[in-house]
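Written below as structure tokens is the structure these notes are about.
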Amino acid sequence: MLTSLAGVLFDGFAYGMLLFLLSVGLSVTLGMMNFVNLAHCTFAMIGGYVTVTLINQAGWPFLATLPVSFVAAAAISVVFERTMFNRLYRASDLDQCLLTIGLVFVSVAVAALIYSTVQQPVQLPSYLRGSFQVGGVTLGAYRLFLIVFALVVTAALVIALEYTRFGAQVRAAVDNQRMARGLGINVDGAFAITFALGSGLAGLGGSLAIDIVGLDPSFALAFLVYVLIVVSVGGLGSIGGTFAAAVLLGISDMAGKYYFPEIGSFMIYLVMISLLMWRPAGIFGRRV
Amino acid sequence: MNTPAGTPALSTSGLNKRFGSLVVANEIGIALPQGVRYALIGPNGAGKTTLINLMTGMLQPDGGHILLGGEDITALGPEQRVSRGLVRTFQINSLFPHLNPLEAVTLAVCEREKISRVWWRTTAGYRAAVDEAYDILKSLLLAPVCTRETRELAYGQQRLLEIALALATRPKVLLLDEPAAGVPRDESTELFTAINSLSKDITVLFIEHDMELVFRLASRIIVMVSGGILLEGTPDEISADPRVREVYLGGAHG
Amino acid sequence: MQRAMTGLAIATAALLAATSAYAQGTVKIGVIMSYSGQFADPGSQIDNGIKLYMKEHGDTVAGKKIELIRKDNGGVAPDVAKRLAQELIVRDKVDMIAGFDLTPNALAAADVSAQAKKFMVNMNAATSIITTKSPYMVRTSFTVPQVNEALGTWAYKSGARKAYTLVSDFSPGHDGEGAFQRAFKEAGGEIIGSARYPVANQDFTAFLQRAKDLSPDVLYIWVPGGPQPAAIGKAVAERGIDLKKTKVLGQGELTFDEALKGMGDAGLGFITAFHYDHNHQSAKNRKFVADYNAEFKRNPDMFSVGGYDGMHAIYEALKKTNGNTDGDALIAAAKGLKWESPRGPMSLDPETRDVVQTVYIRRVEKVNGQLVNVEFDKLENMKDPFKARMPKQ
Amino acid sequence: MSTASASGFAGPQQYLEQQARWRTVEIVFWLCTLLPFVVAPNYLQLASQIAITALFALSLDLILGYAGIVSLGHAAFFGFGAYTAGLLSKHGWGEPLTGLLLSGLAAGLLGYAVSFIIARFRHLALIMITLGFGLLLLELANSASGLTGGADGLQGVKMWPLLGLFKFDLWGVTAYWYSLIALFVLFLVSRRLINSPFGLSLRGIRENAVRMRAIGAESRPHIRTIYTISAAIAGVAGAILTQTTETVSLGVLSFERSADVLVMLILGGAGRLYGGLIGAIIFMIARDWFSGVNPQYWYLPIGVLLIAVVLFLPNGILGGVSQLVNTERGQRWFGWLTLPPAWLPSWRRGA
């Protein structure tokens, strides 16, 4: 009983970490510029395809592809940000939705053109496969890796935002954009960097997600809902909140399936709705 | 409702409000008789706007009572106070940018008349409501621009629209928060003549920094300093009082 | 009024038959499938099967040119499927409709086929009842009960007594669950537990842990193609389920190529029942696979063979009617067709118009470095057991 | 619009009446909806489904465009209506019109129940709660396969002829008449609604909810009302889809359907009453055309279309167009379109 609980917690936490990597970027950019970027998962998909290509075409080792997918997603995202998104910061959020959804459509089609609609397989190195026992609990090697990796990323992120000048600027911009501008902070610049960072993380998430949820052109749409759920529950612009939300949703999703499989599919939505009704601005949200 | 003679239109007793350690309203007790023109003056940060927020229910007091025509309204929400006749305008324009003045004021009238839930008849069908709205706009010299979108209006006109919206609710007591804030002098006189010509059974309390206007319009003046009432009296008494000179007239807002 | 309606239907049908007769020299086939969205890949595989058949056998049959009109159904959307079928027949004057990746879409189009008396070839949708919805429909794929009852029977024969079933929580999954449990119980086995996982589920560890806790002899899994099979395979390994103690059984999708590529050695030993795999050992199939790879740079799968044999059925029927595209003539010609398909011997049941074929039991093994499904047992001439049980009218 | 005062202000009454009056362009538009019968008799099925989607988009416009409630789960009501109509017919009541009314009613009731939650939230929380609600309903319908037929869709939906006379035919003649008339009637209702005091209050809520309180208006009752009406209309749209295609499947409840209709509405221009209609027409014709040209990659041109619209026609197509019309030259060329036609009998002008 207890071991099974531990197992569920472990798997749920791992799944949560994946959700966190995929969502955190959107949360920050949404909180910072109120820019509704529904194309966020497109950048995750880009990361995923970069990894797949490097492994299957160029025969790279899995780990080596991760930094590349991060950089690729970040670079491409910043191109879009500079050429298209930045023209819409003052536009209505509806227009922002339309533009980014259009982008998603295009990316889905392009992915299908290049990679066809087939599921992209990714073969992990042996040391990331299988599982091992710890006190009767079976721990998936890859999940453990996922958790450690995500925790490291999170730590780096927090340090970057809490203890660097850049981080201070970003936080100022999230708290109060007008005042930040008043203080002579280059908000747009800070945003561009944050945006790239967030998309890069999404790209990482995309690469890491393949092994658990697979990868095909519909990825950019399929994951949008989950990311939005995490972001809204976590609260805009709050890394801690996003983290908590991702873990909470990951675990409750997993627990729901293990303990009440008959309502397993409702779980994540029920949790989201009740959390939002309790705290409309999200767990650690600032503005209501 | 007709309130028994002598009952003030609006009164507060022992009104308190503090944000953390900062006391913004300290034992405020005022009583505004029917139809009087009151000016509320005091240096910035004296708590004038806070007082209005407390009286209109935008803020909840930590202690004390607010009575409107003798009825205790301390527990009521803003919209309920409005429907009972306690209405305010905003220091910073808070309007409906994409509605034109005619629509906006008609909207206010319809809400007052409780016909705003009717969706099977056109607004134009309610002749009385529309005419009333138009008359209000005329009285405030907004008739010529009443079909322009609000966001296109001149600033002074927007200030007038603030008042027009308030009037449309048939207020008994009207609280004007710096009605002339940011309005050029020439326009502001026009604005205050409008205020001055308001029907005499409306009690008016207005915050204003321009002393000339205050002394010309107000029949009585309340002076606030750091969250408390310093004194209350006729313009002459106020201008004669040395304390006021020292804390206020001598100060920043000469 | 019912009579009035049918009368009207016949009238329209007659009219349509007339109009289509004008389309001399060419036979127009309306192909309705999901070319986009979540189900795009099956769609394109079926399409590849069609393309390859036409490449091999030319595009003229009985002196008539075959012309395809492709329409995108874009996923589960019977309303769209029905509209497209109607438009194809009324506007584009097609002589028959084919394709149909998903059950609801096939069912919706079946109404149109019945109403307009148009020949319809269901190349994939696998729910039993579909073929009963139009007397002009044949199926060249398989049916869920056909495969899974075979598996259930075989499982007991192979010595398993306690089974746990885990299926996707939507109708095909429920059908698979029902078929397997029925056959397994009829043989004498016991179902010690079962779960249905959410359709969009991504992470299976929780469900598998549950199953593992009960340590059954066989763990039956029904999963649609897509990302889930690989995910399940990996989760099985992660949960440390010992395949010697607990056999993992499933319908063919569980061990599709991309699934095996994804799960790697974790898949070794999975046992699946299916009607086709590119590893099926026959001269015909080897050629088929070779040509297919030459053409599309990937292996054919059950979708491809469904499309391929679907075209075969159309060609053969047209030959028999020598080009007459009248619905009644075509269906009459199609009934009882027998041929050697890449999947092995198959035929169209004269009564039910449904596919009759061999169901293979395969185990995942490593053959010169490649994970493949190796057939080691088979049940021949399997009809759709569901219809066999249905009262004949 | 500033032009109104320029072109002589006859008095508040007259002005508001004129605002509510039928414009030439509107009449032209509705006449055009009859064209398919003549110019494209083979496209009536498509036309009918466009009309249905337009009605759905209209229902969304009422809450999004006029009350500022963004919903990502509006398919819940569309689907609820669709399944109600389907189940009615399956269990022996195939009469279209009454089925339509009952379905609208059912969806309306559901909407009313939900509105109590909806009215309490705004912004992202609101969007996500609507989304979650929609997905919940989808999962429920899927797991209640005994009732709904699950993923196979509801079987045995057979409609009786409309008014006992017109069967829903292969060509879709009946279907298009039916959907078009329903669309027109409910459009009239919505049109009247937004020109009513209630409509005025809705716009007030959208523009400045705080100010509404300061003029003594409570927003929530208004929001509940409009949400209920919108849900009912969505339900009717769903019911028509069921009745004209005699099929229902989980697709009617899907997130994609909610998202698509939102996209169409924004594309056409929210808060403009015709926005949803124009959006539905353009989006669905484009999709049908592109996917006809290439069934596999039509997402690409559609996506490009959306991006282009945002970059070149802010606030949707109608938003962009109305900006063009409001320019000097625009007035000279298209001004007449935005004025009430002289030949309308005066008694009708009140409308």
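Observations
Letters A, B, C and D name the chains as they come in the text, with residue numbers starting at 1 for each one.
In this text, a contact is a pair of C-beta atoms (placed from the backbone, for glycine too) under 8 Å apart; a residue touches a chain by one contact, two chains touch by 3 or more.
The shown structure was predicted, so the numbers you read here are calculated from the model rather than taken from an experiment.
Steps from subunit A to subunit B, taking the shortest chain of touch contacts, total 2.
Shared contact partners of subunit A and subunit C are D. In this assembly, the chain whose C-alpha centre lies farthest from subunit B is C. Interface comparison, A-D against B-D: more C-beta pairs in contact at B-D. A comparison of C-alpha centroids places D closest to the centre of the full protein. One inter-chain figure worth recording: subunit A and subunit D are separated by 34 Å, centre to centre, where each centre is the mean of the chain's CA atoms.
For the pair subunit C and subunit D, the distance between C-alpha centroids works out to 38 Å. Chain geometry summary: the mean Cα position of subunit B and that of subunit C are 75 Å apart. Under the contact definition stated at the top, the residues of subunit C that touch 2 or more other chains are 36, 40, 44, 169, 198-199.
The set of subunit A residues touching two or more other chains comprises 112, 262, 265. None of the residues of subunit B touches two or more other chains. If you check each pair of chains against the touch rule, the ones that pass are A-C, A-D, B-D, C-D.
Note for the complex: subunit C touches subunit A at residues 36-38, 40-41, 43-44, 169, 195-203, 205-207, 209-210, 213, 226-228, 230-231, 234-235, 237-240, 258-259, 261-262, 264-266, 298.
Chain contact summary for the complex, subunit B toward subunit D: residues 56, 77-80, 82-83, 87-88, 90, 94-99, 102-104, 106-108, 110-112, 115-124, 126-127, 129-131, 133-134, 144-149, 152, 165-166, 168-169. By the touch criterion given at the top, residues 42-43, 45-46, 49, 139, 142-143, 145, 149-153, 155, 160-161, 164, 167, 169-172, 241, 245-252, 254, 256, 291-292, 295-299 of subunit D touch subunit C in their complex. Those residues of subunit A lying in contact with subunit C across their complex are 4, 7-8, 11, 15, 112, 116-124, 129-131, 133, 138, 140-143, 211-218, 222, 253-255, 257-258, 261-262, 264-265.
Interface residues of subunit C, counted against subunit D in their complex, comprise 1, 4-5, 8, 12, 16, 35-36, 40, 44, 70-72, 74-83, 86-87, 89-91, 103-104, 107-108, 111-112, 115-116, 127, 129, 169-172, 174, 198-199.
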